[in-house]
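Two complexes follow with subunit A in common, the first pairing it with subunit B and the second with subunit C.
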Partner chain A sequence: MSLLSSNARHVALVQKSLAAGALRAASQPAKAAPKERKAAQSIGGVKKGRKEKWETKKKQEKIHKTKDIPRFTRMAETKLMMPKTFQRPATLPEAFKAGSGHVLELPLFGRETLVPRNVGKAVSYSDAPNNAAKVFGLPRKMFFEYRILSSPCSVVRDVTLQAVETLEKAKASSSLDSRIVLHGRAGCGKSFLLHQAVQYAQAEGWVVFYVPRAASLVNSTTTFAYDLRTQTYLQPHASYRTLDKLLKANSALFAKLPMKKALVTEKLNVPAGTTLADLVQIALKDRSAGNSAVVLDALTSELQAQTQFPVLLAVDDFQALLQDSSYKDHFLRPIKANHLSLPRLILDFASGKRTFAKGAVVTALTNSDTNFNVPLEIQDALDLPRAHPVSPYQRRDGDVQGYVHGLTGFKLPDRMSSDEMAGLFSVWKDDMALTTDKYDELFLSKYVESDGNPRDFVWKGLLSTFST
Partner chain B sequence: MVHILGTLLKDHFKVKYALTKFYGIGVNRSNQLCARFQIHDTCRVKELTPYQITAIASFLSSPSTAPALPQYPLAPPTFTPPPPNTASSDLLAKFKAQQANAPPLKMKNKEWRDPLKSLKVESDLRNEIRENIAHQRMIGSYVGRRHAMHLPVRGQNTQNNARTAKKLNTMERW
Partner chain C sequence: MSLLRSTAARTRFSLPATTSTHFRSIQTATNRSQDSDRRQGPVKVSPTSPSFYTSRPVFYDQVAQLERAIATTGAALRRAQLLPLPAFAKASLPPPQNVWQSKEELGETFKTKINLTRYRKITTLLNELSEFHRIANAAGVADISQKIHAVVSLFESDKKEAYLARGKKKPVVLDAYGRSYTLGKRKTSSARVWMIPVQAPELTTVPEGAESKKSTPPTVPMTTILVNNLPLNEFFPLPADRERVTRPLKVAGLLGKFNVFAIVRSGGTTGQSGALAHGISKGIVAHEPALEVLFKKAKLTRRDPRMVERKKTGLAKARKAYTWVKR
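What follows is the complex of A and B.
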């Protein structure tokens, strides 16, 4: 149901229901007079010593009879149509009416708009069908926000420019040198920054491999089957969907990349020279996803070796891949994430065991997922602030410690600057989401209340305020 | 819609809840079964492959005679897998040789016992219950007498209530 329903539509609905009611009354015959209720009877007399109880019971029944159920009458038509107040009628502005076509008009996200003078200004994303956000999806909380906004956009921040600079440096070098983990307090903008990095990379012609919800790879929602060759649990359907998304987002680039090595398995024989686009199509033909895992592995190996386009592997919810998954083995023991095929693929690149000849691996932690907390191993590696004192005797997994070794932490500032926050405020103001026109007062009060935290500013500040 | 051992499992049910429709399988047993057949938490009955359905059916028909569970080796971080064109028969032979020499699995310093080995479902379970009641009667115990009289067995009051016992406590239960 639309939040922005017009008054006119409400009135029309009410009139329709009244008309229907009138028709119904006309079609039904007049009701007969209700039957008289029989009084309670005792057959064969009352038991000895219970006459008094019987008398009180009969009296209670009489009381119930007089307490009729109230009859509801229809409200007068004129009263229904009246707006709530005369001073400020309950009519919505033109922009909210259906078919008004109101959309935020903002400059497009790209190299030209990502300049220091634009810090604090909002930019929107392209509407192309191969946009990484459309193809790969978005993290949950970002998705909710974009569902409310009339067009997806975000504010250019200092950290955005730093991310752009980092990606430019990483363009010509191996991903071994650029393995970054974005961290910071909950709601400080890690997922948004990662998304901006993905959009920038796609606009600049990189191959993008975006995993917006890595937790969905380990929360036991897709098929899994043990494979003797790789000694890991393959995830056929997850691999199938990943291949499909990779092809949709990077189809133009994949069509230009030929395979350097042939892929020969028991079921497949793909010769060298086949384009990556054709390779993925071969895997997608098999709906049972039998070949998906091995084809995804071959595809990433080819992307590793090629130097034509830099590759960005962007993973949100990275902490979910560093602990036990929700899958269980035969013996009902939890399967570690690094023993599942897709998480293992990501961890191999994040740890530097496999590298892209040109590209970067950028990951982001999520502090708000209670099913997958940030584990000790990465807290130690990045020296993250601890909520509770941690003992050196608490067990750390050696394998996970190996995977997080060498990762570079990038801490996002706890607070957005006032310019950036003003830009964020203007997005919601221009999108007609605010309930008051006292903008200065609202902005300053919510900025202080949220302590500069962007998520709290928007969700607990602007969208939850009762001020008018 | 799948019929296994005479029980209908509807397509839209999650497998871990659908399996509880069997008499003798509750939530815990169902989770153990799903783990045994590598069925993920959100798998629906319609998503099960014919191989998995046959495996479940053959297991439930006689759980005690099911083959032992294999102990799959799991790749350490430094593991490099053999190339994709390696014959699966070679891998299988190597794995079987490894399994033959592998010691039994231990959990918390004790040998792991399969909780599903002693599983009984449907008619087997009903027969076992009937045999237990018959045994109690045969040895002339209090429990047996109470079953025969259709009265509560476990020391409940009979001045009032005892409706369930009067209805269900029989010698020919199930």
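What follows is the complex of A and C.
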């Protein structure tokens, strides 16, 4: 029993052993380098008659050991300091440095630039705050693309000129004669063309009503309430936001349009002669969006009647409005899209039940939305190409068939021509998105790989390539 | 009688050429006395060949023919001082490419059953004859060579070309429309690839200043690749697979030159895209033989031999071992 505590005793012991070790080390001379251990050691001796095999094995082991460890040599100083190439040093180009303000310098989209001479050239959109794209938004995939590009732009195609021609013809006639559905294979440019049509119409002074994501009207992300008067499900907040956007995009035009009929409801009393701008302001004052659906209906009726400005109703994801929505009624049955107020409004104009005195209805289908496939009724109406044969016994909805009756299909070509594709290529090239400077090879190989499909060319071609 | 016996004895071992006369003379000698009795009997035809009395006359005829041929050609070559050849000359002769008819084929040709021993005897003689043939060919003595060929060609198999060409690559030929048909493989996938050059559109000069409403036709000819009747971008969604397919065209610099139609079967995406690339490489080489060296260097014509390794007993997978437990 020591006078020290156990812990202290332990510490003392450790210190003692350390000291002893140090003494021992100091006393013995410096150990020579340990003898090279014999390569292979046989345990229990080599068996009779296997001596030669054992000898060869030892020799092999020796050889193997010398090759085992690779030799590391220092890289030459000159090689370390030299950049990979003199032409492309490993430093950031000016355009990528912060604050460089690099933008694509492209001509502005308009009547002057939309000429046959400019087919295959890119044009950019105006930066005005009432630009339809800024106000109404854009389809998801187009939005992602514009987020990457330094300025929103698109390529002028043959189909763009055809769309311009169609709009010019539709300017003076009722929308009953111009109800167009853009269709084609996935990624061929339907949404882009629709957007170009919207931008053209706005530039030409049309009233523009653009719905870039009609699927958001039917995917049950906004409130809905059954209305006995109209026997449809109203969508108050969706209507509120639509009114807000319509006003922002067409404020100058709405200020010039007076109401022909007074709007009298339980809560509202708007006299005739009020401008549409004021009408919308009245509805927007009520943040609970109680009047929005009614006011939207009245607004569209007024737009129908007026002949001062042609009206363009442009709807993307049109197929979402032709089937069951994601809303559920109180029995948890899905509500048909045509029983919701906003889709109903759009479908009325698309089917010709309601018409603009002057204007057009242009819609586009989306093949890439797996939540809302292209339904059979519109496939039949437009005679769309089918991957698999469809049975005549498959049920088609009579209401939907009525809505799609009389629609004109416009098929976009499967492949973009090489000139147009070259224009698209130069947009990304000028925006410094390419990883290689072998432009010919990159363009040709990506065109072949994407089979002329613009979306695949950009997203799976230029932006996903492994080539350097 | 003794005279007759002695003549018979004298003539018994004579050369075959005199057999007929020998036979006839015996007949007339012995039957002189019995002529009147035998006159109405059947006329016996004398055999043309001495091997008539052997068990396999056809076989012995062939053997005799070959031995005669060897003897005469050997003598001719010796006269021409081509036999015996020194060792260095013999070594410099082109290698023998003999494909004799098989035992069964020979039996059919000569309508007699030949067993192995007899077949070996024939082939030994034929090989000797073919050696003389090679010497004659190398020396350029056409008459001897032709004579040997006349004999030897009777014994050569129909399948000689096929046999000599076994294991060699069959050259790819373009059909009447200029299409190549090649096969590509990778892992367990196979791709049948047809390639045809793109027909370039006729260049029409557009007058300057003329603005037409219709667009101008595409100026750059483009390759279209159809895989199982679907465009390439629909069949292969992954960019890696697509790049693998177009790599041979990129390496050759022929991206707008050919249209490709392929049927791919079996395996997954990587295997199918690799097989398609292999087939396209072979097709390009068929159309442009000058690129073969380049493609060999780029290892594009090589069929990737890597296959899925089998699972082994005692291991979890091909190489993965179970966790080692100390005890």
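Please note the rule applied: the second predicted complex is superposed on the first by the 378 of 468 C-alpha atoms of A that agree within 3 Å, B and C clash if a C-alpha of one lies under 4 Å from a C-alpha of the other, contacts with A are read in each partner's own complex, and residues count from 1 in each chain.
Heads up, the rule we're going with is that contacts are C-beta pairs under 8 Å (C-beta built on N, C-alpha and C of every residue); 3 or more make two chains touch, one makes a residue touch a chain.
These numbers were taken from a predicted model, which means no experiment stands behind them.
> With everything superposed onto subunit A, say whether subunit B and subunit C fit together or clash.
Result for subunit B and subunit C: fit.
> Under the stated touch criterion, which partner chain does A:Y393 make contact with: subunit B (first), subunit C (second), both, or neither?
Neither subunit B nor subunit C is touched by A:Y393.
> Based on the superposed arrangement, let me know which partner A:V115 touches: subunit B (first), subunit C (second), both, or neither?
second
> Pick one for A:G461: touches subunit B only (first), subunit C only (second), both, or neither.
After superposing on A, A:G461 lies in contact with subunit C but is clear of subunit B.
> Quick one: subunit B or subunit C, who's touching more of subunit A?
Counting contacted residues of subunit A, the larger count belongs to B.
> Kindly classify A:T265 by the partners it touches after superposition: subunit B alone (first), subunit C alone (second), both, or neither?
First partner only, subunit B.
> Please work out whether A:A225 is in contact with subunit B alone, subunit C alone, both, or neither, and reply first, second, both or neither.
First partner only.
> Using the superposition on chain A described above, determine whether A:F331 touches subunit B (first), subunit C (second), both, or neither.
After superposition on chain A, A:F331 lies in contact with subunit B alone.
> According to the stated criteria, A:E449 is in contact with first (subunit B), second (subunit C), both, or neither; which is it?
second
> With the two complexes overlaid on chain A, what is the closest approach of subunit B to subunit C, counting only CA atoms, in Å?
26
> Within their complex, state which residues of subunit C touch subunit A.
Those residues of subunit C that touch subunit A are 211-220, 222-225, 231-234, 237, 239-240, 242-243, 245-246, 249-250, 255-256.
> Quick one: in the complex, what on subunit A touches subunit C?
Result: residues 115-117, 119, 158, 161, 417-419, 441, 444-445, 447-453, 456, 460-461, 464-467 of subunit A touch subunit C.
> Can you tell me which positions in subunit A touch subunit B when the two form their complex?
219-226, 228-233, 263-266, 294, 297-298, 326-332, 336, 338-339, 344, 351, 353, 399, 402-403
> Under the definition above, what is the set of subunit B residues touching subunit A in their complex?
Per the stated touch rule, the residues are 31-32, 34-36, 38, 40-43, 47, 69-70, 72-77, 79, 81-82, 84-88, 91-92, 95, 105, 107, 112.
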